[in-house]
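In what follows, chain A forms one complex with chain B and a second complex with chain C.
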Partner chain A sequence: MTPEMMTNLKLFAPEIALTFFLCTLFVYDAVLPSLRKTLFPLIVIVFGMGLAIWATADVATGVQTYFSGMIANDGFGNFFRIFFFATAAICAIVAYGSKELETSGRTEFGLLLLCITFGLSLMANATHLLTLYIGIETASILSFAMAGFARHTLRGNEASIKYLIFGALSSGLMIYGFSLIYGYTGSLQYAEIGKYLTAHADGRPLIVLFALFLIYGGIAYKISAFPMHFWTPDVYEGTTSPVATFFSVGPKAAGVAALIRFFLTACATKTGEGVWTSIPGLSLPNAVAMIAAVTMLIGNLSAIGQTNVKRILAYSSIAHVGYILMGLVGMEKTGLTAILFYLVAYCLMNIGAFWVVGIVSDIKKSEDLSAFRGMGWSSPTLGVCMAVFLFSLTGIPMFSGFIGKFLLFGALLKAPGFLWLAIFGVLNSVVSLYYYSKILKAMYFERDEQVVALDLLPLHRAGLVLLAIPTVVLGLFFGPVIEFAEKAVLSFL
Partner chain B sequence: MENFLPVLLLLFFAVCLCIGIYTVSHILGPKNPNASKLSTYECGVEPEGSARVPFKTHFYLVAVLFLLFDVEGVFFIPWAIIYRDSLKEGTDILIAGGLYMALLVLALSYIFRKRLLRLH
Partner chain C sequence: MNILDWATSLQAYLVVGTCLFLLGVFAVLSRRNTIGILLGIELILNAAGINFVAFSKFRAAAIDGQVFTLFVILIAAAEAAVALAVILRFYRLKETINADEANILRN
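And now, the complex of A and B:
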């Protein structure tokens, strides 16, 4: 074994561990079908994710690229690896506790989940456009299958087809952008593209801007930013709740990581420790600011008139992407640290909110606002946890969502000339309070005809509380996470 | 731009040819339809039943599995080309190829075990 090959394998160890557990699930599903209905797949997934997280911590050595410059190993990438593995484990627990997931399909769900996590990890660590494409396609195609997991329902099929058509369109546009960039710069590696674009900054043909816009379109589809956000409400509403839980957190974070990596390496130059400046002629801050503003506006305004809670949360996730993109405007480490912290907080509160919707939908067989009537009184745990998650999503002080937004606005104000975006973001947060409160109003201020005390499974109770506690704690004791995020950003390739 | 003129000319000529043949046969052809001439062609046999039967989606699965294993075969070819010379430097190439094949045999055994290729 050449030393280079040994390094490659050593640095790829978390994904190799992931693949090993994936194969275990494969073998298990084919060889021991009788055990399929037990919790064995869940144990495999959670154990596998724990091992993968440990393997990630183990490879956290120098900043380098491996597999001949196709994948990066740096603090930023490892942060996201840990994020994806933890999210996959939590979403597996949410899925296995849900009644919407048929017990006979559990192993296959676990297979899909693990494979999508592999794709997400490739996306976030890619330094070559082809690796990015492989990651996006792995995640997307398996997401089409996961979106239609409840394949005997009409809604599931509809959600899957809508996601498929949109995904195919975006992938096609994105790879067209890749080919144009390759034609212009002669390379598909982010660093080489950046060098070429900086060196030939004068007389750049318009086709380069067009190509970058197409590549942005492909990634925007994954994070449901404008203009590729149209699939989000329909798909989130049509799939089962555990699947919507995973979609709203995992691919979004991966897309944000890929966006940051590509646009800061290929379309900007690093001019200091954690500071980037855009290449003359490619004004990244203005473009990102515009997109963030429109995305926020669309998400918040469209959520106002909805009556289906999953659609409300879907539009809210679009709005949150708008907030996250605000952190990229300054192109320096405070903004990126804010994005990373916000993603952690967002993961906790969004998984919690979708889990509550899943529980209510299992009990009441409906996801409308009317199904939430009186839930706060029938089940105090559910009510309080949902209140915590929704207040955190709004950005009310003392919760982690507020700290996240505060950091994002702070980072935005450091960049000169974007005060309008900060004010716009604050106004949008105020608008979002309306539709989050609609859910809380139904839970606490409206009564159901028959008041029935609900029995939540101990799993649900424990899980929701375990998600709600960090949401509050991170709002008060946020230092360690911010330091960790800052270290990760400073070790960006 | 001058390099593309012949291509444009060829495209224009092809389109004109098609339109011309259609138009000429439409003008010059006799028009005497009868029931037998207008019926659907089914290789000389009398067509029976409706043409709109539910399409078995299983065919798609078979096609996708074929595609996957075909691409696997394609990736085997470069490995096979450099195999003999790389063996001189040690067993790395054997392990790499073996691992690749093992993963795909695992997938194949999953397919066989779950009876995914049975159309009935």
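And now, the complex of A and C:
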């Protein structure tokens, strides 16, 4: 083994650790199926993710690409690695208490979860179109299987089939975009593509723009941004709650990372410490601003008329992608820092909100607003935690969502000419208050005719409180996380 | 330039690739049968594959495009396996594989 190979493998240690635990789980599940009913799968996943995070911290020195320039190792990518591993561990815990997944399905869920996490990590760290493709497809193909977890219900199957058709189509179009870019620039490496596009700015054929649009479409499908957002509510509603919880956080964050990495490296040049300028003849800020505006508008307006809480949260997750994209408009470090901070806050509050919906639908067999009636009084823990998550999602001061939005809007004001987007974003937040408060109103101001006792598992109680506390604390003591995010952005390759 | 020269030029490959791509998009938009839609998507993937091989020979003079095509073929097979399983499950419950019948989840 050459020394270079050793370095490569060392830098890939987090993913290798993940694969090891994946294989462990797989073998144990095949040999000793009785372990499915125990805590064993959960322990393996949480321990494995912990180890992967530790391995990430271990390799987080230096900025370089490895495996012949296919994958990047930088602070930005390592931030996302830790993010995905933590999300996977939390989602495994969410799935453990869920009644929607049968006991035998829990290990399968864990296996798919780990595989998808591997794909997400590749997506976020890719510096080569082939790695990006493999990452996206690893995540997508397994997600199709995961979406169909409710296999005996028509809704679950419909969710799976919709996810499949749109996913396969968007990735097919993306590949066609890759082939056109490859033909024009003669390279698959992001940095080489960027160099060629900058050097040959004059007389650039229109087909390059078309190809970039197709590539954006493929990534937009993963983050459910306009124009590939329409599958989101159907899939989230049809599939089981733990799956929707994971889909709304993990793949979105990976898509955002891939989007930032691709467009900042291949379609922009670094002009200073944490400052990028888009290549001549291509106005990335304007394009991103338009997409962000349309995405949040669609998400918020569609959420207003909904009565299914999972559907409301699905549309709200589209709107949040719109807010996140605002951070990319300025193309400099404060915006990217804001995006990373917002993702952390979003992860906590969104997983929490989806988890509450999952718990309620387990007990009441319904996700409708009516199922939440009087919940604030019949189960104070559930009510208070949900209220915290919803306040934070709205962006009310004192909660982490507010700080996230504050940073995003602040970064936007630094970019000249985008005041309109900041005002638009604030107006959108006001609209979102309406549909979030509909859930709050149902929980606290409406009475249920038949009172169903909501008994929570200790796991649920502890888990929700552990998600609610950082949601509040991050709204008050946000310094360390922002510093961490800033460091990550500054070491962007 | 005679026909044989043209047939081995970059343009010829690109024309075939573009035709496949357009046919694939047309199939996806016009088919109601889920398997028909998947076949359309396969056409799009193969169009990209042809482009990659052609560009790798004529444009980049490196084999990375051909390697990419191998990966496209491989991943398309994996995708088809999962897709057929999902469609089969849908068929068992609904007794049809018509995409229009997947219509319970609505506003």
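Some points to look at:
We take it that the second predicted complex is superposed on the first by the 490 of 493 C-alpha atoms of A that agree within 3 Å, B and C clash if a C-alpha of one lies under 4 Å from a C-alpha of the other, contacts with A are read in each partner's own complex, and residues count from 1 in each chain.
Just so it is clear, a contact is a pair of C-beta atoms (placed from the backbone, for glycine too) under 8 Å apart; a residue touches a chain by one contact, two chains touch by 3 or more.
It should be emphasised that the depicted structure is a prediction, and the values quoted were computed from it without experimental measurement.
Contacts of A:134 after superposition: chain C is touched, whereas chain B is not reached. Contacts of A:112 after superposition on the shared chain: neither chain B nor chain C is touched. In the superposition on chain A, A:345 makes contact with neither chain B nor chain C. Once chain A of one complex is fitted onto chain A of the other, the partner contacts of A:306 are limited to chain C, with no touch recorded for chain B. The partner that reaches more residues of chain A, of the two candidates chain B and chain C, is C.
With both structures placed on the common chain, the touch criterion links A:29 to chain B but leaves chain C unconnected.
For chain B in complex with chain A, the touching residues are 90, 92, 103, 106-107, 109-110, 113-114. Of all residues in chain A, those touching chain C in their complex are 129-130, 133-134, 137, 140-142, 144-145, 148, 151, 154-155, 157-162, 164-165, 168-169, 172-173, 175-176, 178-180, 182-183, 186-188, 233-234, 237-238, 302, 305-306. For chain A in complex with chain B, the touching residues are 1-2, 5, 23, 26-27, 29-31. Against chain A, the residues of chain C that register as touching in their complex are 14, 17, 21, 24, 28, 34, 37-38, 41, 44-45, 47-49, 51-52, 54-56, 59-60, 64-65, 67-68, 71-72, 75, 78-79, 82-83, 85-87, 89-90, 93-94, 99, 102-105, 107.
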